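Here chain A shows up in two complexes: once beside chain B, once beside chain C.
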Partner chain A sequence: MSKVVEISPTTRHEGHTKLVLKINDEGIVERGDWLSLTPVRGIEKLAVGKSMHQVPKIASRVCGICPIAHTLAATEAMEASVGCYVPEDAMLLRYILQCANRLHSHALHNILSLPDMYLPGTDTKINPFTPEEPVRSVALRIQKLREVGQTVGEIVGGEAIHPSNPRVGGMYKNITPRAREKIYDLAKEALPLARDHMEFMISVFKNFQNRDTVEVGGMEVPVPDTFGFHNQGYMATAPVYGSSSLDDDPTWFPERWTEVRPWDWYMGETEIDYDEPNYPIGGTTPAGNKAWPQMEACMGVPLYDGQPVEVGPRARMVQYRNFDLKGAMGLQIARQMEYMDCIYGMMEAADALNTSGKVLADEIPQGDGTLGWAANEAPRGSDVHLVKVKDGRVRWYSLLVPTTWNFPTCSRALEGAPWQLAEVIVRAYDPCVSCATHMLVVNEDKRIVAQKLIE
Partner chain B sequence: MLFREIVVVGCGNPLFADDGFGPAVVEELQKLDLPEKVKVIDGGLGGPHYLFTLMAHSDEPVKKLIVVDIADFGGKPGTLVRLTPEDLPPGSYRDVHSWNMVEPLQLLKDRVEIAIIGCQPKRVTEPNVELGLSDEVEKAIPKAVRHVLKEIGVDDGATIKVKADLGEEGTTPAQGGP
Partner chain C sequence: MVLGNYKSVVAARSTDNEILKGAQDGGIVTQLFAYALEEGIIDGAIVAGPSDEPWKPEPVIATSKAELLAARGTRYTLSPNISLLKEATRSYGLDRIGIVGTPCQMQAVRKAQLYPIGMRDVPDKIALAVGIFCMENFPYQGLEAMVEDHCNVKLESVKKLDIGKGKFWAYTERGAVAQIPLKVTHKYEQPGCHVCLDYVSNLADVSTGSVGAPDGWSTVFVRTKNGENAWSKAIGAGCFETKPIEEVKPGLDLVKKLATDKITKNQKTLDERATFGVGKGLRNPYL
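What follows is the complex of A and B.
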C-alpha cells in the first residue's frame, strides 16, 4: 500500500524546491514529484519593449549563481535575432569566460555533494569544513580551483559575478597580452589540481554507488544498483560552449520544444500519511498535511520531442563523448570529467586569441522581428534564450533554463530509490532554481541595531 | 586580481526594487578614483557563495570586507546602520538559497575585519519584478558611499576629495558628481 512522504524544502542546492514521494511498504519511491517553489517572476514580460542591450543585463540578474550563462545566452539570442555575426576573438573571450564559470561552478557543487558521501575505504562521511586531513587538502583544492575560475572570469568578463564585458555585437574590449599570460599561468597552475581533484571525486562517487547501504538520519538504507536511473533522452548543444540559430549547423531546434503546465504533469492533491522526524534538518513534513504538486509547482514543464530530457554534464558527455554511465553517480562522474575541458579550454582559447584583434562587429543590425535563439551550455545544462528583436527593441522573449528541463526527468529518476536518498539524486543534477530575492534580516531585538544607526 | 586588501561588496538584486541598493552603491563607488588596495565588486546575489566563501583561503589576503546591503531593522526607509557579523542573527549570510552551508561571514570574521552598511528598504517586491529604488533609498546612496569611504580610511586621499564633493551631510550630490 502506497504512502506519501514530503521533503520540503530540499537543501544543499540553489533555490527552493520540494519532493512529494509515493512510497511502497519498503520505503521505495513508486512515483516522485520534484517541483520548484520559487515563484514565477515574469521576467520575459518585463523584457518586452526594452532595448536589446539592456535585456541581457536584466537577464543576468535572474539568478545569483548563473549570471555568466544568462548573460551569454541572452546576448547571443539578441545577436541571433538581428543577424549579427561576432568577431572570432570576441567568441574566444566568451569561450574562456564559459570555461572559467564552469570550473568555478563544478568546484562549488562538490562542497554541496560531499556531505552525502563517504571517504573511500571507510564508514566516515565527509564534512567538507573539517580541519582534518585528508578532507582539508581536498577543501583547499576546491577553493583554489574556484579562485582560478573566478579570477579568469573577472579578467575576461570585467567583473567576477555579473560580467560587464560581453555586449551585443561582441565584447566591449579585448584583453591585454599580459592578461592573456595571466590566464595561461592560472590554467597551468590549476591543471594538476584539477586532475587530482577529478580522480578523487570520481573515486568518492564510485564508492557511494558500490556501497550496500548508506546512513541517512540514523537510518541505514540500501543503495540500489539502478540508483537514479531514468529512461529519458538527453539534450546538449555542444561539448563546452553552445549553439545559436546563426550557426550553419545549429544543434537545437525550437520546433522540437513544447511546454506543458505543471497541472498536466504533477500529482493532484494528496495527503501526507508518512513522516520521519529524524530525517536531516528538521524531519519530513508531518503526516496529516496536504500536498498538491499540480498547484504548487512554479514552473512550466518543457519537453523535447514530447518527452522530458536530461540536460547538463552527462547529456554533453553522452552526446559528444560516448559516455555511458547512468544513474545519479554517473551524472556526478560526468561532471568531474568536465574539469579538464575547462582548463584545456581556457588554455587553447587563450593560445588562439589575438589580443590585437577586434572584438566588436562593424555593424550591429537593429532586427526585423525574426526569431533568434541561443543555447548556452551552462554548468547545469542547456540554457536556451529565445527572442524576437525589432528596431533594436525586444518584442518577445523566453528563457528555458537548465533545471527547468531537469525537473521532470529527475522526477522519473527518483523511482526505485529509497525515499531517504531522493535528495542525493536531486543534488546530482546540481539544481539551480531561479533565485528569489536577497535580504539581510536583523533580529527581533532591535536595540543593538538601533544603537548603531548611522544616518 | 580577485581580491585586494580592502574589498567592498554590494549585495542584492536590482530586479526587486530596493533590493538593488547594494549594486547601486557599487555603481557610484566605481566612478571614484579609489586607492589601489581597494576592490569594489557588484556581488548581486552571489556574494555569499562567489566571494565570502573564497576570501578565507585566498592567496591575496583580504584585511577588510565592507558589505553594502539592505537590512530590515524596522527603521525609516533610507536609514543606514553599521553592523558587524556579531549583530546578525544566525542565517543572515549563511546563504539565501537554502544551501545549508556553514556561514561564510562567521568563518571569515576572525581573519577579516567586516563592516556591513545596511539600509532600511521601503519596498522589496520579490517575487515581482520592479526596476528602480524608492526615493528614500535612492537618497541614501551618497550617504552610503561616504560611509564606505570612511571605512576605507581617511589616509587614502579619496575620502577627503569626495567629502568635499558631497557638500553638506546627507544631501544628494550635484549632477555628475562625485
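What follows is the complex of A and C.
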C-alpha cells in the first residue's frame, strides 16, 4: 500500500518549493513531485512594450545568485533579435564575468550541500558553521573563493549582484590595465584553493555514495546504489559560455522545445496520509492535509524533444567531456569539476583582453520583430531567453531557465530513493526557484495556455 | 565648532614649483595626492579634470602626476566627483581611493561609508579624502554669465578664476584682470548651496582653502588619523613648507568669521523652509 508524505517547505536551496512523495511500505519513493511554490512575478509579461535596454536589467532581478546569467542571456537575446554583433573585447569581459559568477555560485552551493554530508571516514556530519577543524578551514576557503568570484565579477561587470556594465551592443566600459592585473592576481590566489577544494568536495560526495546508511532525524536510512538515477536526456549549449541565434552553428534548437502545463505532468489532488514529526527540523506536513501538485505548481514544464531533460554541470560534462557518473552524487561531482574551468577561463580571457579595445558596437539596430534567442550556461544549466524586438522595444519575451528544465527531471530522479533523502537529490540540482518560477506556458503549437495565471 | 574637529592647522604650500605654477593656492591638493600616489597611500585619485568646454570640469581618476597637474586650479562650477566613486573600485580596479571635493562631496563620501546604499565595496576603499573650503558654487551657465557678460572676458582666454576680498576675479592668459563685486554673482549661485552648513570641509581627512593664508599659500586643517598619517609623512618627505597659522595674516580669525557667516545665513534659509508655504513647509534634509 503506498502512502503520501509531504516535505514543505524544502530548505537549503534558493526559493520556495515542496516535495509530494508517494512511498511504499519501505519508505521508498514510487513517484515524486517536486514543485515550485514561489509566487509568479511575471517578468515576461511586464517586459512587453519596454525598451530592449531596460528589460535585461529587469531580468537580472529574477535571481541574485545568478543575475549574470539572466543579464547576459537577456542582453544577447536582444542582440540576436536586432542582429547586433558585439566587439571581441566586450565578449571577453562577458566571459570573465561568466566564469566569476560560476565560481561564486558553486562555492555558495557547497555551503548548502555540506550539512547532508559526512567527513570522509567518520560518522560526523559536516556543520559548515562550526569553529572546529577541519571544517573551519573549508568554510574559510569557500568564503575566499566566493570573494574572488564576486570581486572579479564586480570589476568586469560593474557589480557582482546585478551587473551594470553589460548593455545591448557590448559593455559600457572596458577595464584599466590595473584592473586586469587585479583579476589576474585574484585568479592566481584562488587557483590552488580551488584545486584543493574541488578534491575535498569530491571526496565528500564519493564518501556519501559509498556509505551503506546515513542518519536523518534519528532514522538510519539506506543509500541505494542508484541514488538519484534517472533516464532522461541532457541538454547543454557550451562547456562554459553559451550560444545564440547569431552563431554560425548554434547549439540550441528552438524547434525542439515544447512546454506543457503542470496540469499534464503533476499528480492530481491527494491526501497526505503519512507524517514524520522527527524529520528535521519541524517534521513533515501532518497527515490529513491535502496536496494538489497540478494546481499548486508555479511553473511550466519545458520539454526538449518531447522529454524532460537535465541541465547543469553534469549535462555540460556529459556533452563536452564524456563524463559518465550518474545519480545525485555524480551531479555534485560534475559541479566541483567546473571550478578549475572558471579560474583558468578568467585568466585566459584576461590575457586575451585588449584593455584599450572598443567594447561597444558602432551600430545598434533597433530590430524588426525577428525572433532571437540566446542561451547562457548559467551555474545551474542552460538559461535560454527568447525575444522579438521591434523599433527598440520588446514585443515578446520568454525565459527558459535552468531550474525549470530540471524540475520534472529531478522529480523522476526521486524514484527509488528513501523519502528522507529526497531533499539530498533535490539539492544536487542546486535549484534556483525564483529563477524557475516563470510565467508564460506554451503548448506544443507554441500557443500560450497559462497566461491567465499572471493576468 | 564652525571649523569642525581637527588635530592641527597650519599655513602651507607645496615645495614643488611645477605644481605651484598652475595651482589655485598653495598646491596642497595636487602635492598631497602626488605624494600619496608615489608612496602607495592611494592608487588613484578622483579629481576635477579638464573637459571639452573651457572651465567646465569633468571628474577623472588620476593615476599619474601628469593627470593631477592637468586638474589643478579651482573651477567655480559643479564637478560631480562622487559619480566616479563606485566605478573607481570597478573597471578602474582601485583599492585605495583618493578623492578631492567640496564640503558637500566630503559628506557624500562619509555617508557612503556609513550607509552604503548601492555602494558595495566603497566603504573600506576610501584612503584619503581631501576637502576644499567652499562658500558657494555656480552652475556652468552661471559661471559663463559671470565671466563673459559681467567680466567681459572670453572663458577660453581665462587663466585663473578666484574669489577673494569680496570680489570675483578673472585673470586672462594675456595678463588682463577683470573683477566684479560678489553681490553681482549672488543670483547665479546654485540654490542648493543655500542650505549648506559646512565651510571648511569638516568631514575630510585633510581640508584646505585659501582663506586665512597669504597669496600663494593655503590654510590646511589636518583632521583625522588617516589625514595626519599622510600629512606628516609628506612633511617628512619635504613636500611642504609650513608656517604656524598664528604667524600669518589674516589667519584663523577670518576663516572662523566666514564660516560663521555662511552657517548663520544658511541656517536661516533652512529655518525659513519649515514655514515656506501656507500651513506647510519644505523638506529639511538635516531632520
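In this text, the second predicted complex is superposed on the first by the 434 of 455 C-alpha atoms of A that agree within 3 Å, B and C clash if a C-alpha of one lies under 4 Å from a C-alpha of the other, contacts with A are read in each partner's own complex, and residues count from 1 in each chain.
Here is the rule we use: contacts are C-beta pairs under 8 Å (C-beta built on N, C-alpha and C of every residue); 3 or more make two chains touch, one makes a residue touch a chain.
Model, not experiment: these values are computed from the prediction.
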item	value
Touched partner set for A:154, first chain B, second chain C, both or neither	both
Chain B versus chain C as contact partner of A:111, first or second or both or neither	first
Chain B versus chain C as contact partner of A:174, first or second or both or neither	second
Touching partner for A:272 - first (chain B), second (chain C), both, neither	neither
Comparison of chain B and chain C by chain A residues contacted	B
Partner chain(s) touched by A:343 [first = chain B, second = chain C, both, neither]	neither
Partner chain(s) touched by A:186 [first = chain B, second = chain C, both, neither]	neither
Which superposed partner A:96 touches (first chain B, second chain C, both, neither)	neither
Contacts of A:198 with chain B and chain C, given as first, second, both or neither	neither
Footprint overlap on chain A, where chain B in one structure and chain C in the other make contact	151, 154, 159-161
List of chain C residues in touch with chain A within their complex	43-44, 63, 87, 89-95, 120-121
Partner chain A, residues of chain B touching it in the complex	1-2, 11-16, 19, 41-46, 49-51, 53-54, 56-59, 69-75, 78-83, 87-89, 92-93, 96-102, 116-118, 121, 124, 126-129, 131, 140, 143, 147, 170
Residues of chain A touching chain B in the complex	9-16, 38-43, 46, 58, 60-65, 67, 104, 108, 111-112, 129, 140, 143-144, 146-147, 150-151, 154, 159-162, 281, 435-443, 446, 448-450, 452-455
Interface residues, chain A side, partner chain C - complex	151, 154-156, 158-161, 165, 173-176, 178-183
